[in-house]
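The structures come next, written out as structure tokens.
Look for subunit A in each of the two complexes below; its partner is subunit B in the first and subunit C in the second.
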Partner chain A sequence: MNNNRKFLYGHELVVQACLDAEAEVMYGYPITPTCEILSGWIATGKPSLQTEDEIAAGFAVCGAVLAGQKAFTASGGPGHILLQDGMSMAEGMRLPFVIIVGQRGGPSSGTVIYSQQEVMLACFGGNGEGLRLVYSPATSRELYELTRQAFNDAWQYRFPAIVLTDGYLLKMRSGINLAEIKIENVPAHQLVPEDKIVHWPNIYTMEEELNEQINLAQKDWDEISPPIAKAEILETADAEILLIAHGIVGAAVKEAVKQLRKSGIKAGYFRPITLRPFPKKDLDNLFMKDNLKKIIVIESSSGQLARIVREQLAPEIAVGFEYLQKPGLGIEVEEIIDFIKNN
Partner chain B sequence: MILKILLAGDGGQGIQSISDLLAQASFANGFFISQIPNYGLEQRGGVSLSFLIISDEEIAYPRFSEPNVLLIMSEQADARTKKFKNADLPTGRQDLKLDINDFVEVFKENNILKQSYNIFFLGLITKFLADKNILKTEQIFELLEKKLSKKTNWEENKKAFELSLKINK
Partner chain C sequence: MPENLAKFCPGCGYPITLLMLNKTLEKLGIQKQAVLGLDIGCALLAWNFLPINTFQTHHGRVVPTMMGFKRARKNSLCVALVGDGGAYAIGLQSLIHAAKRDEPIMVIVTNNTVYGMTGGQTAPTTLNMQITPTSPQGNIEEPFFGPELLKGIVKEGAFLARTAVNEPKQLMEYLEKAIQTQEVGHFSLVEVLSFCPTNWKTVGTQTIDKLNGLKNVFKLGEL
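Showing the complex of A and B:
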């Protein structure tokens, strides 16, 4: 059963995905749990710069992509906060900014390995409208695939792309066969032609000008959202309760649903793979019939995913909500099963 | 078959190192493995845990609260693992429970260096896994040799490993 599986850490998969995506340069400042992405990238011999802080790393990525280079950064926790400055510029200027975020516990330095508390920061952390692509992988394989996807979507649609993961996935070692994953690359291109003078501001004199730019960006966002938004959906046809989770908690929920089904409980599974854009249609469609009575949102935060789910679900859908929330803590399969059985 | 192994000690005691060797050998034998560390900001002095799962099926989630194998190498580690169900039950509920306090005499009698305690416990867990045909003792010894034979205290580490194989536990 081993075949061509390699035994790799999550951070090794991220570095490999960046290489395979033909990324050219990384700018970053080390912070757990993403240090090994920086050190791993440096070890490949590709160009890199450890900047004086994350603010500099963010603007370095903006500069490099303006020059047509596939650049990226990685961070988490307080570093992710500082990077919001550059990410906001990227959102405003429509730059293909790619970042891998390893969520750690918060607020502040919190803990160093795991939580799901950077959802709001990733989705809506800038001083803008939150027009950034946010992917939340559940498995090592998906961590690799979505990192590739982030580069492709960033360069195709020109929105910042965030792979929102955590230290469990980044520090976890597992077997994977990369040879079976085939993804075509969207090439980088020069955003500013060398022979032309382009006025491309991130600041506007007139409020109307800014408003016009925001509306244009929103229009593009609304157009690209349906093809990009993705969810993993299982066992919903006759389900009475719908379990919603994202990221690695999703992996635990998926297994819990399998086991709940075995004991005759009609549980269904919905996992947004993209948090922004949210797979809203996929969720709404589950309520075409009236089998679903209750949604249970399960997450390692006090309700950041739940806020998004409640906001995105069509207002005419009447369904009860319950929550299993363990801010900063991992959530195990058995706990989920116990929670469902006792509710 | 699914085996959940929780190794707990202080940062610097070599918890992650022995977990790595067990993971590598089991992976090489075709098993599905997931391995995640858990530690705080401090490199040394804080609690260091390793969650290791060895299975013949795909693994759904890397964390667990009911280990089949539990190693406790320090007082802090003991306190931290209390919350894991069954952790305070006597051996029996757990397939293998190793507590450093039970080996104080053995270490003294055999002059085992503090720095080699982890290797001693690696040996005991290796024996347990070898009995279940998950890996071979020689496999772990080879990996150990590759990792440590050029470093200081190799003879002491080797002694600790060999002693563990002779101990009836």
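Showing the complex of A and C:
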């Protein structure tokens, strides 16, 4: 037994990841299931502020990163909606804005711990094209790693980033040896420098000027998408059905696929780790041979992931779709197995 | 001197405030530390006007943005330029809390009694019975007094004042005091009564008369 192994809650791992990423400040407003990220960060003694609302938290993060400070916020549900205001400025000005989102049930105040219903909001919740990085961790370890990566990618590539998790993962405790995880930090830099004058608009008089900005951002996005987009893929070589899920539902599906294989069902597993950019090539490549007959998208929402999968899959790929959707509810391994066996 | 030509309407009050700000920064030798955050409203037109670091934010959001900036770079001089709508309507929550926490930022509010950028609609500062596109029968509300409201909230050492673009000496004096207030770590707000001939639909001396009339409602001076 390695004595560096610690039992940590998901929210503790998030705080540790932010510290290890050399984040300097958190701005936040309490909301379940992310309250413990705010209080946990404050307990470290690092600079922080509980703002008057999530709008202020979002724009304070924008101000901090403009000055060159690694900053972040955390929220979910109705608070995530308010953070889209600052996120939109971050998308427009390419600010390395980092949010940890703990999805809760919606619409409205919904429920407070769990859902996968904030996928569309995270990916496309701005008044733009959705050029923001969205990571969906399935395990505690991944929650830590992807939080680190969110800061790195945001500062390296200058796109805002969301770690899209949920209250189940944030409140789950698991053993982890952080000393094993080696990730180098991308340093912060001043976007408004002290030694030079910048004049930086985010509103344009000419439609052509805005169009040019969007095209430039899109070009960068297309360039960085292949190295950033990531998926976990298992048992696909001879699979006849492909199970697609993300986040902690992905972890349940992975286990289900193992068991289905034992009972002779040729199930494969595809889990997008990044929802934006989506690992499109990895998915398309699974259809080079024609073993796969059906895709089953499994999620705790009425089809937010399914929409992305259908939109991203190359149009020439002809494959049937089925869905296991439980909006706002967790999904157990057994019900996934039952669903597959009965379909 | 301005970096680029003003995009404000002819006769607008904004460039007067901005040039005075620049002159004050120059006089105090702190142009290099100055960072000008612009709210969305006619303030946005100043994005490349002055030879100092400048960026645009969102409508009502310049105060929390500059708070985040200032907390990150303590040796900067953070100025938030915002309209009366941005400050006292959509951004009021953040303004009150920034004042209450005594954030060491300097807020310049342009009070032109209307939403200039969007065509002269009713603002929190619109006078009673003033006619605007959204108050065609005349505004039924009383105007809003920002510095007076904040007076009961700010901490010792904060600076609150109101002046007008045609009071250059007082304007410069207050801007200088506001800068000094930030240098010793406190919040400041200077409201500036400002010309908006485009939406007031005034010409020549009418514009000046209208502004001078506003001084009877919005009292000039330190609070």
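Definition applied: the second predicted complex is superposed on the first by the 340 of 343 C-alpha atoms of A that agree within 3 Å, B and C clash if a C-alpha of one lies under 4 Å from a C-alpha of the other, contacts with A are read in each partner's own complex, and residues count from 1 in each chain.
Just so it is clear, a contact is a pair of C-beta atoms (placed from the backbone, for glycine too) under 8 Å apart; a residue touches a chain by one contact, two chains touch by 3 or more.
What you see is a predicted model, and the numbers here were worked out from it, not measured in a lab.
Asks: Identify the partner contact of A:113: answer first if only subunit B is touched, second if only subunit C is, both if each is, neither if none is.
Replies: In the superposition, A:113 touches subunit B alone.
Asks: Looking at subunit A, does subunit B or subunit C touch a larger number of its residues?
Replies: C
Asks: Touching A:330, do we find subunit B (first), subunit C (second), both, or neither?
Replies: Touch partner of A:330: subunit B, not subunit C.
Asks: Is A:285 contacted by the first partner subunit B, the second partner subunit C, both or neither?
Replies: Once the two structures are laid over each other on A, A:285 reaches no partner at all.
Asks: Which partner does A:254 contact after superposing on A: first (subunit B), second (subunit C), both, neither?
Replies: first
Asks: Figure out whether A:85 sits in contact with subunit B (first) or subunit C (second), or with both, or with neither.
Replies: second
Asks: What is the contact status of A:201 with respect to subunit B (first) and subunit C (second): first, second, both, or neither?
Replies: second
Asks: Output check: A:64 vs subunit B and subunit C. Expected answer is one of first, second, both, neither. What do you get?
Replies: second
Asks: If you stack the two complexes on chain A, which partner ends up touching A:211: first (subunit B), second (subunit C), both, or neither?
Replies: Neither subunit B nor subunit C is touched by A:211.
Asks: Under the definition above, what is the set of subunit A residues touching subunit C in their complex?
Replies: Against subunit C, the touching part of subunit A is residues 24-25, 27, 47, 49, 51-53, 55-69, 71, 85-86, 88-89, 93, 192-194, 197-203, 205.
Asks: Enumerate the contact residues on subunit C facing subunit A in the complex.
Replies: 3, 7, 32-33, 35, 37, 40, 44, 47-48, 51-58, 61, 64-73, 76, 93-94, 96-97
Asks: Going by the contact rule at the top, pick out the subunit B residues touching subunit A in the complex.
Replies: So the residues of subunit B touching subunit A come out as 23-24, 27, 30, 32-41, 56, 59-66.
Asks: In their complex, what parts of subunit A are in touch with subunit B?
Replies: 1-2, 7, 32, 109, 111-113, 168, 171-175, 248, 251-252, 254-255, 330, 332-335
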